[in-house]
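Several structures are given next for inspection.
Common to both upcoming complexes is subunit A, partnered first by subunit B, then by subunit C.
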Partner chain A sequence: MTQHDGPPPGRAERHLLYGERPDVAGAAGYTDPPPRMGFFTDTSVCIGCKACEVACKEWNAVPEDGLEFTGMSYDNTQGLGADTWRHVAFVEQREQLGGQEPGVAHAGTDVFEAARRLGTSPSSPGPGATTPAPVAPDGRTELRWLMSSDVCKHCTHAACLDVCPTGSLFRTEFGTVVVQKDICNGCGYCVPACPYGVIDQRPDDGRVWKCTLCYDRLGVGMEPACAKACPTESIQFGPLEELRERAAARVARLHAAGVTDARLYGESPDDGVGGDGAFFLLLDEPEVYGLPPDPVVTTRDLPSMWRHAGAAAVTLAACAAVCFVKGTR
Partner chain B sequence: MSDSDVTSHGAEGERPGRQALTGQGTGRRRRRGRRGEQPVVPEARFSSYYGRPVLNKPTWEPLDIAGYLYLGGLAGASSLLAAGAHLGGRTSLARVTKLGAFGAISVSLGALVHDLGRPARFVNMLRIFKPTSPMNLGSWLLAAYAPLTSVAAATDVTGRLPRAGTAATAGAAVLAPAVATYTAVLLSDTAVPSWHEAYRQLPFVFAGSAATAGAGLALAAADPAETRPARRLAALGAVLELGCAQLMKRRIGLAAEPFEQGRPHRLMRIAELLTTGGALLAWRSGGRNRAVPAVAGAALLTGSAALRFAVFHAGVASAEDPRYTVLPQRERLEERTRSGGAGRHGEQPQA
Partner chain C sequence: MAECHPVGFQWVMEAKARGAKVIHVDPRFTRTSALADVHVPLRAGTDIAFLGGIVNHVLQHDRYFRDYIVAYTNAPFVLREDFRDTEDLDGVFSGFDPDGRTYDNSSWQYEGLEVQAASGERDQEYGRRVESSRSRSEAARGESHGSGGAVLSAGEPERDETLRHPRCVFQVLKRHYARYTPEMVERVCGVPPDLFRQVCELIAGNSGRDRTTAFAYAVGWTQHTVGVQYIRAAAVLQSLLGNIGRPGGGILALRGHASIQGSTDIPTLFNLLPGYIPMPHAHQDEDLDTFVQAEATRKGYWAEMRSYLVSLLKAYWGPAATAENDFCFDYLPRLTGSHSTYETVTAQIEGRCKGYFLLGENPAVGSANARMQRLGMANLDWLVVRDFSLIESATWWKDGPEIDTGEMRTEDIGTEVFFLPAAAHTEKDGSFTNTQRMLQWHHQAVEPPGDTRSDLWFTYHLGRIIREKLAASTDPMDRPLLDLTWDYPTKGETDEPDAEAVLAEINGYDAHGDPLTSYQQLKDDGSTACGCWIYCGVHADGVNQAARRKPGKEQNWVAAEWGWAWPANRRILYNRASADPDGRPWSERKALVWWDEEKERWTGHDVPDFAPDKPPHHRPPDGATGVAALSGTDAFIMQADGKAWLYVPTGISDGPLPTHYEPQDSPFPNLLHSQQRNPVRQLLPPHPDNRYQPSGHDPGSEVFPYVTTTYRLTEHHTAGGMSRWQPYLAELQPEFFCEVSPELAAQRGLEHTGWATIVSARGVVEARVLVTDRMVPLTVDGRRIHQIGLPYHWGPNGYSTGDAANELTHMALDPNTHIQESKAMACDIRAGRRPRGRNAVDLVLAYRARAGIDDGTGTEI
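Let's look at the complex of A and B:
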């Protein structure tokens, strides 16, 4: 751990179901595992090309899951599910991004009038001009467009894995979480357990499916298909420790450049899921991108749940006993 | 240019369109209670991605899984009554409850297997023992419990192997309270807001609901001369079920809202009316009259089922609306920021 020098006072006791866990593969029983691998998705350089979505579908032979017009900007993919393991979100906002000037809309512009004036004034250069006139002082237009490629978070404490009754979901030596398709019996328990809404059931198939972080490619030393296809290196793949350092430096640079909205999401091993194996640099609150602002692995409360259920069971038995003990017919 | 700012006052019930704006409420609008009460606190604003849910909602079929919860409760309470009746020599009550427990748990298991995406792989549930998975522990529990109920029922009907019958009846009664209440943990151990937040109260609600169902079956089918314990159990169960359901709705904050709207609300009202009515009717039904306890029993059985379906549908509704996921988490985050980041992530939802 580079950024965390030991557990803070009063937190010495390590919880199996919750909290920091530096050696996640080791805790799953691997001896001498490779470093934990993950994704750092830097949404500030995402251009929304959806190459990741396509690469993922192609490499993993994920079936198509219907084309539906949603009216949600450029997003007809809608969200992660059994047949969508990468999902690019598009959010259009009238917000300032760095030095950008917001609120300069074209609503009042008469395009025909502008066309008539072409070449007659410096603000409307005619054909042959190399640069169009800026509509804002620094040359940017009115809205900012947030694009973010969402993916399975490969949580340190993965609720899907914890609740899986068959052991189909397992932790790989790379610290990722993968479904074994020959074991899954389609009970569907992992679906509502995931705090991010990632894993889902494929109706015609019955089993559940999600991102494997390209377990097959990792096994032969290759990077996952989405990261490989990403043209802007918005999706970065590598050892989690290294990605965390890179992300911290990137946030510092963005802050220095005036993009004060930049923040990391899911990188902290101190969060409700013990840190994500796939974390993000966001430019707005997580919920704007459809991500939960403060997710917690549901099994954190499991011991307390069993205690309450035990008390309820005793209550039920006592009620039944009382009904017989007192009366004689 | 389409410039539709979707605020919490405009474009009600509509998709926010192209411009999802920061800080604007884009979740679906709440429907107020039918009696038109006005909210004391103004509606909290929150952001979401085009009003889309954060969670993937449960894929379970309501009839299969709510039915599974209900029949598990019915079986559990029946086994408890069976043990008491067996001990006390109430032969008719013992017969009905033993058969009831066996029948209910068999159908319940059938529903569970039917709901699997790959029913043929049901036995994969038993390929490991996994304490972090309530469904795995539940499968082991049922694997032990269901055969015991079958032996108890078979020996009672045939009259053979009475000692084995006694042992099986006792064994089933030992496991029965767990069978009736573990299903609450099954629901709560998810990210579904209305199920997870209720994890303290839900086992008691389910215990009460199990008691009323078991008592209902006994009242409806057993010799009225022997059903005094069932009448008492109906009363105790109704108090436990409805009392803890009220407590639950008061304690779980925003996650209680789905219980007050639409189908879950209607089902809760039905459960309250039938359970209360059935328990009162059962309490007052003495003597040899068969019709009154039969009606009371049917009411109790239906009321218990309505409660399970209400809980099931409320959970699904809470998963379908991002508001129930985002708002409490956002409040938690802001609380933590105010207290200087001292608290842990996700600590103290609303105690």
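Let's look at the complex of A and C:
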């Protein structure tokens, strides 16, 4: 992190619970920490194989989460929880038929002209350049099947960590957020604190569980199990700065190919959680994937809440005093 | 491919990132469709009409690769005058024998040359080929097709390189597919003409000198009564477009399990010996020479079959195999007909087959007509099941569906069932051979727990113990067993045989016991031994070449030092065709191998699949045979004529050109011919539990109005033995379900996540309902047709359970491969759960009665 990219002096100190914070590990007290590590999940290349779900459970010995036929397309996992740390969402939409890079298949594109060019030009056209117009039997012209692997966001401002009274939740040297199972006392404060609904208690003893970003693997230079298992590099693991650059280039490429709906989610340090350590490339609104559109760290307003509470307390005391004074009169 | 081969699909995604267009043709919109540029839903069972339509488009619009097909295919070859096409005979080819339901293929041959097939039904030629020899005319008996006819010809076939001769293959092909128009494709397949033309242009436009198109298929193409012809149709198209033997081309068979390719190379098939050497049929007095004379080709590398076979016999029987005893050729078992899985089941039911080994196979839910499978197993003396879990094939005798209906009682079943726990691939050494013919070695990671053992351990020790028991035998019948070389080193507490010693035996060794490096070293005099000639070189220099793992980034794009591919570590077969007839690459962009004028050798990125010093303009001398008879442009070196076959003169049971026939059970008539079904499809002897349904316009056909197809999901593996017992996989797809369109759900009152009952003439199953836009109704011949998707993973055992889709399927087979038609059939669907007990049987009987089904239904020619 260069001085140039750094936050305005004192800003982080001014507001510990909100806003940009480029050096999360440093702020947590690590001296000379490794670069912040994270996930970039590019849903435009996800094939919904769920290898990430299985690899995560195998490596972390996460229990099976119930056998339920949900009817939600091929998603029988339903969501993240204490016993599901990776979750692949399947969304069937009446949108453009065909690929998840529906490309330039808007009115005005001459498919056959494009196809002819394809045969004569040895230079390979870019992705989406000749994506055909939607044609389907029986008048159904629009179908899109979105797949997306969700995970704990490892927020810059992690409310779960901030509210943890035991110190079970901690910030690692990689900037990730991890629960220490031997310290968690099952109070559950972190559960409502998470703006994404990720962290969750196991009913048997009440302790909370979530993605550790495979802290045990990172420590020995291995990538997390889900990223290792992903066959299409939909889940990419690496230094967050590098991932952000890669993601920006990918979005630009998709936009150039006409996929104007492509957008990043959780990538910006300006967002309500100060940016996610695990961010996503989506092809539709976050709500479509079951993600909150504008997550805000639930502890953002804690200082002003305290101020308000303090003011209220003072007011109350004043009122009481007034009443007392009046009453004695 | 994304559904069933997600790891392989990463390469499709990489190609896509580099600009490749992905077309997905499938009745359903799957995870593959989601990532494809074009998805083409079509009616299951109509792919030959679809592919034939593309062939017609390519021929009519001159989109074929003319220089390629003239040089490298049999397009210019002239056919005999007595050949008649299906277009002449309304759906059958000349040579059809309606009584025997077979073809005599003599009229399919070239004018002036009789050829032998490089694979497939080579025994077709037995009669003709052996009769012409001096001493073996009586051996012409047997199941060979026809007799007399053409004699072994040393001549050159008649060719017309202008492709104008009315009887040349090119013109025959053009006439054969002329009626496969976009309009016909729409009527048969339900694919709109615009979408169809778009596919044609994408494929044709992406083929030629500069570009190549690849086809990938899986059992959605093979499991039909015309399955082989599906693949043939793709071969015709790819040959016309010049997409064989070139980088980025080819037809890729995506196999159903790890190493299914390996189990055809070193086969678990009844009719093949290792390396695709045919298993001998039971001809009278057939010796080694007669066999080779009948089965080998006159030209090309199959002319060396004797060397391959003698080396195999030496690997099997070592010192006992001598020139004097024909290298123990008589020890090989003989075929007396088809002995496929389904004939075996029939033989079990008839009491002729008494014992059964199931190694990693679960026919009680995974094979067609699961009920027949169980009836067969219930009539055995013994059954051995080796698997990870107590699969349905191991427990049907106590909790199978027939116990539930009361049709079977455990105490009446005489089969003695042995269950032996099997080790997983992580618990043993061995190799996988993938669809690219590449062997990759895997090393044992952990010891197998408890009593679990590898299949290698089981087979070796079973053989060892049987040999010990027979050691004193003087019965000549036991000699083949007692003379086997069966001396593998073992290791560890469990005496696990050394898998690499087996690989070394497969690779082969010379008279000094030194490892061979190439199949060209094999001799027919008994001085070499080789367990599988195409694998020769996998243990060259005594090094396990399959265990090489040099990363791709440390070598060129062919990556020849990752694993080892047969033959001779070639990554692309027939790659001589990647260069033009003069030996120059067709284009720089698609250069693979080429002729180096200075060094006078073939060279390139891949190992050239050609005699390294044979110049492009080489013409063989008159009378040359074998490899020497190949010219400098005979790129298809295994073929008897050195050419890719647009038209198959021999070796295939059901016709030289792919023709559309309807599936065995179909709601539609054949719109192309009055011949409804493949006339030579294989039907087993009638059995009350294997009834067929009326099709097309036949009365009763309307009782089964919906098209059904079975398939796999990413989350499970085949019949579930490896996945339904795994909680992490079971929770991802926890129950048997059917996929239906919203339109069909409305029509039949099916409720999303509710239950549906699906019925065929064979059985009834219940499934949870998944209503999805991904299933789309099609308009076929003016009629709206709904298709039902049935993943076939489930059975009553395990952690995730459900009915088996294979209760519905039948045993009508492809005549070449004897594979079942489980990818296209007809059925009925209704809301609610199925009846239980005896009522389930009665429901099926009621359906049969309504449709007027008897033992003759659907068995018409």
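Things worth noting here:
Rule of thumb we're sticking to: the second predicted complex is superposed on the first by the 252 of 329 C-alpha atoms of A that agree within 3 Å, B and C clash if a C-alpha of one lies under 4 Å from a C-alpha of the other, contacts with A are read in each partner's own complex, and residues count from 1 in each chain.
One rule holds for everything that comes next: contacts are C-beta pairs under 8 Å (C-beta built on N, C-alpha and C of every residue); 3 or more make two chains touch, one makes a residue touch a chain.
From a predicted model like this one, the values you see are computed outputs, not experimental measurements.
In the superposition on chain A, contact of A:29 is made with neither subunit B nor subunit C. Of the two partner chains placed by superposition, only subunit C is touched by A:76; subunit B is not. Of the two partner chains, subunit C is the only one that A:54 touches; subunit B does not reach it. Within the superposed three-chain model, A:232 lies in touch with subunit C and out of touch with subunit B [touch as defined at top]. Of the two partner chains, subunit B is the only one that A:165 touches; subunit C does not reach it. When both complexes are overlaid on chain A, the residue A:64 reaches subunit C alone and has no touch with subunit B.
If you count the residues of subunit A touched by subunit B and by subunit C, you find the higher number for B. By the touch criterion defined above, A:221 lies against neither subunit B nor subunit C after alignment on the C-alpha atoms of chain A. Shared-chain residue A:145: touches subunit C; no touch with subunit B. Within the superposed three-chain model, A:45 lies in touch with subunit C and out of touch with subunit B [touch as defined at top].
On subunit A, the patch touched by subunit B and the patch touched by subunit C overlap at residues 70-71, 73, 92, 94, 143.
Of all the residues in subunit A, the ones that touch subunit B in their complex are 17, 70-73, 75, 78-81, 89, 91-95, 105-107, 143, 159, 162-168, 183-189, 191-202, 205-208, 268, 270-272, 284-285, 287-296, 298-302, 304-306, 308-317, 319-324, 326-327, 329. Contact residues of subunit B toward subunit A in the complex are 1, 3, 15, 17-22, 46-50, 52-60, 76-77, 80-81, 84, 87-88, 115-119, 121-122, 124-125, 127-128, 130, 132-136, 139, 176-178, 180-182, 184-185, 188-192, 195-196, 199-204, 206-207, 210-211, 225-226, 228-230, 232-233, 236-237, 240, 315, 319, 322, 325-326, 329-330, 332-333, 344-346. Within the complex formed with subunit A, the subunit C residues making contact are 2, 6-7, 9-10, 13, 16-22, 29, 31-39, 41, 190-192, 194-195, 197-198, 201-202, 204-208, 210-211, 587, 589, 713-715, 727-735, 737, 752-753, 768, 770-774, 776-779, 784, 799-800. Listed in rising order, the residues of subunit A touching subunit C in the complex are 45, 47-51, 53-54, 57-58, 64-71, 73-74, 76-77, 92, 94, 97-100, 103, 111-112, 115-116, 118-120, 122, 124-127, 129-132, 135-138, 140, 143-147, 231-233.
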